[in-house]
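Handing you a structure now.
Labels run A, B, C and D following the written order; every chain starts at residue 1.
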């Protein structure tokens, strides 16, 4: 039984890790930390976790595996000594996602606290990066938006189906904004309303661009086109879920219809437990509470565009579930271990 | 491994049974029926159940245990032959809840289809009726409102704490109305609105009265007071959850404060896995997706009234979870088997 | 044209006053204050009020009529000099609702800042207090819960229909908690959840008791029974609306059925523009954005209880609309002036 | 006082017309029809319209102006004789929006019932078509999605700012689907969920394309590029509101930044009462219940794309409010008459 610690259990991603780990047959949550709530029983901060007899501490204590759910910068600082000590870590923060520390500094507004660890970090989108994940000791768990967009676009990109003009229009439930208070997330303001945000550039954009560029097929021409990505996140009056609608022009490839697109996607995701290609547009409710991603690629024949819709639960496949999937891969367990529960519906 | 069948899987209670059974280590769902959808894959009707490779049939086939999620009257007709054949059955419909077939006819508007089975049926509120449940082959699973109200009131009633003037004011999410369409449950009508209904008498009222009367302490006087129960259900703009607020005058007993009430309730529910007495008012979200019932008894000292608030997930503790808890008890399994997952929060 | 000022326009009640006054044909909003936002255009704080070309000031300037939407204590301090100077004031805070300054101190935790003005203040539930409102210069606008409960109970109380055991179970949208942030009102926490609060005693309780006692018929016996009121507010996942379900035992009177109750209520509210007695249970959505109160009295014949359901929009009839109705009465205008718009539905 | 009739008042658009007309100083609703509810008081079908003393009839009777809120095909049949008789009509259905009856037949699956009237019909997006609206007797009121998208794109298109690759990603509240029941709009299914639909081609697409093509600048080249429009609507768990996010590549023009775009848009909409160009991303809640459209154009400098976000209330600016604005223009009244009320917020 692997002893697991969660650094900063007091946010939604941390609590979600604890929820999911409770039914994990090979891992046991033995330590949780969270500075503001240190000394309180976990059950007091989160009544739904009263199944645990744990007290929130300053540190997670001696554990075999660590998840960090700290905010960026604080997370790298906290996990750096653990990584150096050889403890396997999945970092849910953004700290090890961008490979370039300058880009990190530019988007996050601080110097990277541990740039020397960046080379060791693996981007933990397991489906696209499985081998590297398995042998890594430091996983950068993907952002929730990149998770949904990359799973929606990877088959088309890697198979050379689309041109570089990519638009990602994402719709997220409010839990994605976390547990910190703000007028935008005040019930009376967020309820019965939709809004766009991050139009000047959301921090998940460089992460998407980095990963899309890395998987973009290298053309014969010396200057192959690089993807030009516009990303617009929207706040939706619901708690959980992300739906991303992704648009790109069809290239010269053979995919000209939705059926052909879905066939290609099915082939690409063959054998995956957590990605399902579906024949009709999915709803976020169909994955609520689960680690599933449903992907529905289609073609707008009038304009020769690929349109892909994907749905995930932002706190599971977009955070805690993906993190546990990574842990499973790192530990040599079946990736589905502890993540088998179907979505809660309705 | 017990082979389980669900009759009428196509409603919300049926689907919820399938969801919960998927992670049950001792039971295996092998047959699902549902007339309108017969012939369709379960995964087509409920995409969140794509983990199952089952087709909805006319019948559930050969199974060791049956849940019926049919509407009333249809359910008794369907399970009667099974019961006679010795198959253990948990009936989620109302058909075997009322012991008096005349009362059944009066409230449900039809003659009871199998009145001779009523004597065999056990009211499946496991916490209050454990021994009878264990040895029964036909369980009447409680209605969602009675479940929440009886768990809230049982300790006070059985310990003689309250007088007979009982008011139960319940607030339910819309999934309680089922999957059948109606203008009242049309999103644009139900959203951002609260309403009361059933003021002329809700079908869950006689069920509550029957069970409260059965547990009411017999006084010395030849004509002990019987409970006078008013019950008002309300429709709340959310999908899952019931909160019941129960009011009754304090009797001559020793409970005069909230602390004393909670102490008495804790004693009453000592050892129960699915009922937790809490020190502050609970929220339905704290039990969403789980089989927990949180109970918060308090005292309005100004008016000498007991006020008890309880919360459940109407589809779990109020239906499918309670049904599986009953199955576990009937099979001699720990009652928590397959029901360990914490609530989904937020 | 009456020049109107709103003190503390930056909360929901203040903003709602501004919204409603915009279409008032006899009043013109000329000054708005709000300390934290002083200097900002009103349209910046509230984009829906961009129709106004007003800047939020430290003071409301020279006006003929003042609404105060300040928190309690601060409100009495702010309006006291205005009242003394003869400016007519409707105070939306709680400061002038309780006639007894000791009770005020006990419930609000501060000494009353202007107890000498209490005798001048009139409780502004216009329908029940019309003559006094018309001649007053200082109106204590009712709390949102008392508004809904008193309109539901007044006919039964004044006509001697009910006994003193009164239970008021209220369900409120989240806007009732105001614009100040709190975890309870964070979208991800409040969404899809119901909870009770204020079980130890909500500040609107003494207000209800005071008004109910004042209207309770004086019996012949020297010690007539006083109402024993239990009040439980609940937080509902919607923005606007309050539904109150009120319970009381029928007395010896002639009302024995819902029809008789509705007849009595219709007679009581004959000629009222903003209270409508309805034959089926109302929904809060039916009054959203409007100054209407719908009341549905019924009788639980089994238990001989009166059950009355009322609905209002907490920000309109429960605050700003009631305040303008009071202003109209004070100014000798028809009470409906500027308040004619139907509810927004759906 | 203009006597107004609403054909088919029983849907949401019809009811919204009645709501708004109640406060219109120059029009008076004198007749309402609706086959299924004929004979019922309007107040019974819509309690929020109890202010009207009208009975729903088979016909609207003798009126000076007619709104039709019938479904397509039925609407053209119903209004054709009125139009021929010279009664001014605003048709809220889709029947007179597409100028080409073949295209109508293709998208709506029926032959156009009155193709000879198409030449008389004017597309009633008042801001873009004011002169034609004023002199017309038959207005095709725009679809809700086209309304939001065309107001978002018109300035950029007409000023030659963008290239032809247009993507419109729209998010709509559920009331847009109307009052007819469907599992997709069942509360428990639509709540807490987002989904895309109409991916194979939504009926509002040809309407958008027709209007965008009509306003597209004619280039010097003989074969000027035509807009290539992809449109994806999404269902959002709220009742009212549409937010459209529109994407197009910047052309060779001078607009290279969000500021420049907003300046151009402000110039374009100068003097408009119902379109406001805003400096930060708007929320649908800011226009709820009102006839306002807020537009926020911005530039993604990295990819040289224009991104425009617009918000409307789908039942007001997207239906009934726009229809009354058209009526006002046709009658020579100020367009704002009866539409002055600010949005309801929160």
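Going forward, contacts are C-beta pairs under 8 Å (C-beta built on N, C-alpha and C of every residue); 3 or more make two chains touch, one makes a residue touch a chain.
Nothing here was measured: the structure is a model prediction, and the numbers come from that model.
Common neighbours of subunit C and subunit D, listed by label, are A, B.
Interface comparison, A-D versus B-D: the higher count of C-beta contacts falls to A-D.
Placing every chain at the mean of its C-alpha atoms, the farthest one from subunit B is found to be D.
The distance from the centre of subunit B to the centre of subunit D, each centre being the mean of the chain's C-alpha atoms, comes to 47 Å. Computed centre separation for the pair subunit A/subunit D is 38 angstrom, with centres defined by C-alpha atoms. Counting partner chains per residue, subunit B shows two or more touched chains at residues 12, 173, 175, 188, 191-192, 237-240, 282, 285-286, 288, 346. Against subunit B, the residues of subunit C that register as touching in their complex are 165, 167, 169, 171, 173, 188-189, 191-197, 199-201, 228-230, 232, 234, 236-241, 243, 245, 247, 249, 258, 281-286, 288, 296, 298, 300, 302-303, 305, 307, 309, 311, 346.
Across the interface of their complex, subunit C is touched by residues 12, 15, 19, 22-23, 46-51, 175, 191-192, 239-240, 276, 278, 282, 285-290, 294, 340-346 of subunit D. Contact residues on subunit C toward subunit A in their complex (touch as defined above): 12, 173-175, 177, 179, 181-183, 185-188, 190-192, 237-239.
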